[in-house]
Amino acid sequence: MADGTDTASKIVSLRELAALVPDGASVALGGSFLHRGPFAFVRELIRQRRIGLEIVKQSPGYDLDVLCRAGAVAKAYTGIVAMEGNFGLAPWYRRAVERKEIELEENACYSLTSRLRAAAYGVPFQPVAGLHGSDIPALNGWKEIPDPYGSGRSVWVVPALSPDFAVLHAPEVSEHGDVRILGTPHWDRIMSRAAKRVLVVAERIAPMESFREHPEKTLVPHFMVEAVAVQPQGAWPGSCHPDYAIDYPAVEHYMSEAESTLQAHLERAPELRGSSRD
Amino acid sequence: MADGTDTASKIVSLRELAALVPDGASVALGGSFLHRGPFAFVRELIRQRRIGLEIVKQSPGYDLDVLCRAGAVAKAYTGIVAMEGNFGLAPWYRRAVERKEIELEENACYSLTSRLRAAAYGVPFQPVAGLHGSDIPALNGWKEIPDPYGSGRSVWVVPALSPDFAVLHAPEVSEHGDVRILGTPHWDRIMSRAAKRVLVVAERIAPMESFREHPEKTLVPHFMVEAVAVQPQGAWPGSCHPDYAIDYPAVEHYMSEAESTLQAHLERAPELRGSSRD
Amino acid sequence: MTEPLKTQPLKTEPWSPFSYIVTNLARFVEPGDVAFSGVNSSMAMLACLLAKRAYDFPFTYINVAGGVDPEPRYAPLSSSDPELARESASIFANEDFYDLCARGRMDLCFLGAAQIDAQGRTNVSVIGDWHEPKVRLPGGGGAAVMLPTARRSCTWRTEHSTRTLVDRLDFITGGGGMYGVVTPIAVLVKRDGRLRLDSWHPDVTVDEVVDRTGFELDTSGAAPTRPPTEAERAALASLDPDGTFERDAKIRG
Amino acid sequence: MTEPLKTQPLKTEPWSPFSYIVTNLARFVEPGDVAFSGVNSSMAMLACLLAKRAYDFPFTYINVAGGVDPEPRYAPLSSSDPELARESASIFANEDFYDLCARGRMDLCFLGAAQIDAQGRTNVSVIGDWHEPKVRLPGGGGAAVMLPTARRSCTWRTEHSTRTLVDRLDFITGGGGMYGVVTPIAVLVKRDGRLRLDSWHPDVTVDEVVDRTGFELDTSGAAPTRPPTEAERAALASLDPDGTFERDAKIRG
């Protein structure tokens, strides 16, 4: 396994962190829509010209969209994709699907979660409630299994999905790599359990003492985390609770169709200020 | 559903709380071995002469043993049963099984958890990793299902189990019934999600403000909780972190074979001191 | 108690399509409900917050920000904003509220939809053929699982037309079917497996509603929609004090 | 580095059966391991704590109290005591460590056993027929799932006899099979699917070990067990300063 038991040298630069993910890797991204996504990490993947990625996320938005805009994506496993707020659909993702530039596995958020659960629980498939009457199961070739205990019910089952990486953005980590999320963890918990390797970008390192005082708040224990980069404002232009809210003007700028926008947007990013990227 | 949305009148006496559980009910008990079990609640069931109970717990000890000693149990769904420390086996449970006074469904802790997961996830069955080569699945008539996605693996699946009640012991609740556990929740989380109704015994009511400051530490939100009794020392003779440790002399006294011990033990219990029982 | 349903109110101020949708969504909340609003769902978020402020019965509001009966200082632009967990005594995260719904304990789910058919089934996936999309929509999200498992699901469309209320969905994202639908001009409620007209906006006619609906609409027993109470009006005004949500929604009746 | 394995040590003090078991269990811990001890497992708890104190390589110790690399002030009597989470930076609860094991990411599991067969399979359920029990034992616990899914599982018996190391289990609680077994007189390690003698207590003979084992025991390549290092002795002494654990264990060699 990716050895997270050695706590000595887990803190790396954002550049080093992104360099761990090769072309073609499958990557689960934490957060939801414009909230607490590993967006600095995603931009760094673009700067490093990564291609062929498979993105796994129940509710992506900006992250999947900017990766599609940069041509970095081969396939997406998603539940619901949108920019949210008043920004509507994720336009570059939308076009990438419509032009068949990327492959899409459309899920319910919960069926994708169930695929991750199967991986986290070490079983080949996971039953999912609901889905009856939806065209989605047939689309994906999923199987329906009758209850072997004679209830007369049948249930859809989905196959295990273990992404190569889960990449999470957190407000706080310990020096050993323990990950603390404040407010909702969105889907980060199950992603961290299902993925083969866990990478984290954090706003800051919080004192060990605070982790020992509130161990119940730690979402991912250090031994499951391979490497951490510290990047203040790393979820920009999204929010990172409790530190900052969505930067709506920056999102609006991103939404501009102009050819030069992507480059300009990438150059505005907080990870280019200061030295934390390196 | 058991309506926990009305937060007005959730605090009841221990006697009233226990009176909610009828003869023959299936009851999942929180905690593990001598730690943070709803032991005052269990004793109150005995005082109220409840019979025919089905006890669901991955790692019971004192609670299942004292219920067997009082003749309150019809069936037990368990993983591992012992007194722990140096007390060894749970003697009255052991005898009840050996004399066939109670029915036993022997589980692995994880297969019982998986039965609860199926109930919590609204599916008729749950796949469980491992179990291969064990005599337990055949004992229980469980089914093995081949992976319909062609991995060639097959997996044991267990049927959903939704106890009538989950009864948890917590150090702290809010006045609305939010439940905070400090340290490990043991199996309390999945029990609270799988059961039809959730009852709680707490050491104390903590200020609303502290719940709002640390909402991440709340294991069960108020709307899932039907009723709460406040009973200091309610996990005696076991521990309740962070308030008190195991009372080993009291456990040793309990272990005495003398006919009069059960009554003497029940009379020593903290819930009989002060007025909180009523 | 407010005025009886059938009494024709005094004409006061016009009822904007925005207010009509939010208010009538809020009216689906019943005492004791566990009610949920998700991502990308400003209208549903506002409806839940309105119900909390305008109705004096207890219910539990949970949302995709993990909040349980939160006390947000304001209604955020993003319906998954952390503000929606402010003052919450617990964090009820995504796995938890989906499991709650999956096991049949969610009373009321608010879910978005692009197309809705007569059975209340929804399409949020695609306009055109799934494999040859004209418009790729947000996708499965909550619908496919929550629609068949929630006790009641409700949705809204800001456009009432034969493009949105359709005879045949381009794709069935969510089976099971909505219990209630609110548009700028009507409230539809399911009875015997089909959406029927429950009430209509006082400014339109039943015929107009029928004409603008893509499936056959039973109107028997329907009545004009009860106008907003003072409490509902005041609650919505407090949630959208400068009319930003109303302007951004750009709804035409 | 301590002394080379094959060097016969100077006879120092006798090696008590208690110390022999705990020390040799600790020696199963390898650098980088995620190692787990469960309920009802004082020996395993002490072994993990000993390894933390005596060995200078990193590994992660998790336990049934939710602790991750805890710093208990003392070794508690109950191996699921909250003391085992003291100073832990996270709480890794039961569902979490079982899932970890189930998905193949637990490197080393310490699990109790009543009977062990040549394949390392265990019975912790019953003496006699399951349906007509002579002795009802604690039951399935971790074994049935963890034995087949952990990378390595190890156990201990405080009695080395044909009643504990058996040719035929009364009931197979855990398939998959132990990687290592420590008794008061020997260390068995699995090779090619069978437990073989890896080393024996310097105070007994190989013949005695073979005689007291209920299944056929391959002894080829075995050697006397390396005596405890100073670090191991000191670590155990610090964990059981007044000999309470040793006395309570009541182990005869």
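The first chain written gets the first letter, and so on, giving A, B, C and D; residue counts start at 1 in each chain.
The criterion applied here is as follows: a residue touches a chain if its C-beta (ideal position, glycine included) is under 8 Å from a C-beta of that chain, and two chains touch if they have at least 3 such contacts.
Please read all numbers here as calculations on a predicted model, not as lab measurements.
The greatest centre-to-centre gap from chain D, using C-alpha centroids, is found for C. Set side by side, the interfaces B-D and B-C show unequal numbers of C-beta pairs in contact, with more at B-D.
Chain B and chain D have CA centres that are 29 Å apart.
Per-chain Cα centroids separate chain C from chain D by 59 Å. Separation between the centroids of chain A and chain D, computed from CA atoms only, is 39 Å. Annotation for chain D: residues touching 2 or more other chains are 66, 85, 91, 101-103, 149.
Residue positions of chain A touching 2 or more other chains: 121-123, 128-130, 183, 215-216.
Chain-to-chain contact here is organised irregularly, matching neither a line nor a ring nor a star, and falling short of all pairs touching. Pairwise, the chains that make contact are A-B, A-C, A-D, B-C, B-D.
Contacts from chain A toward chain C in the complex involve residues 32-35, 58-59, 78-82, 84-86, 89, 93-94, 97-98, 104, 106-111, 113, 128-136, 139, 183-187, 189-190, 239, 241-242, 245-246, 248. If you check the complex, the residues on chain A that touch chain D are 1, 3-8, 119-123, 174, 176, 178, 193, 208, 211-212, 215-216, 218, 220-223. Residues 118, 121-130, 143, 145, 147-149, 151, 153, 155, 157, 159, 181-183, 214-217 of chain B are the ones touching chain A in the complex.
Within the complex formed with chain A, the chain D residues making contact are 32-34, 58-60, 62, 66, 68-69, 85, 87-92, 96, 99-105, 107, 149. Contact residues of chain D toward chain B in the complex are 39-40, 64-66, 77-82, 85, 91, 93-95, 98, 101-103, 121, 124-125, 130, 133-149, 171-177, 248.
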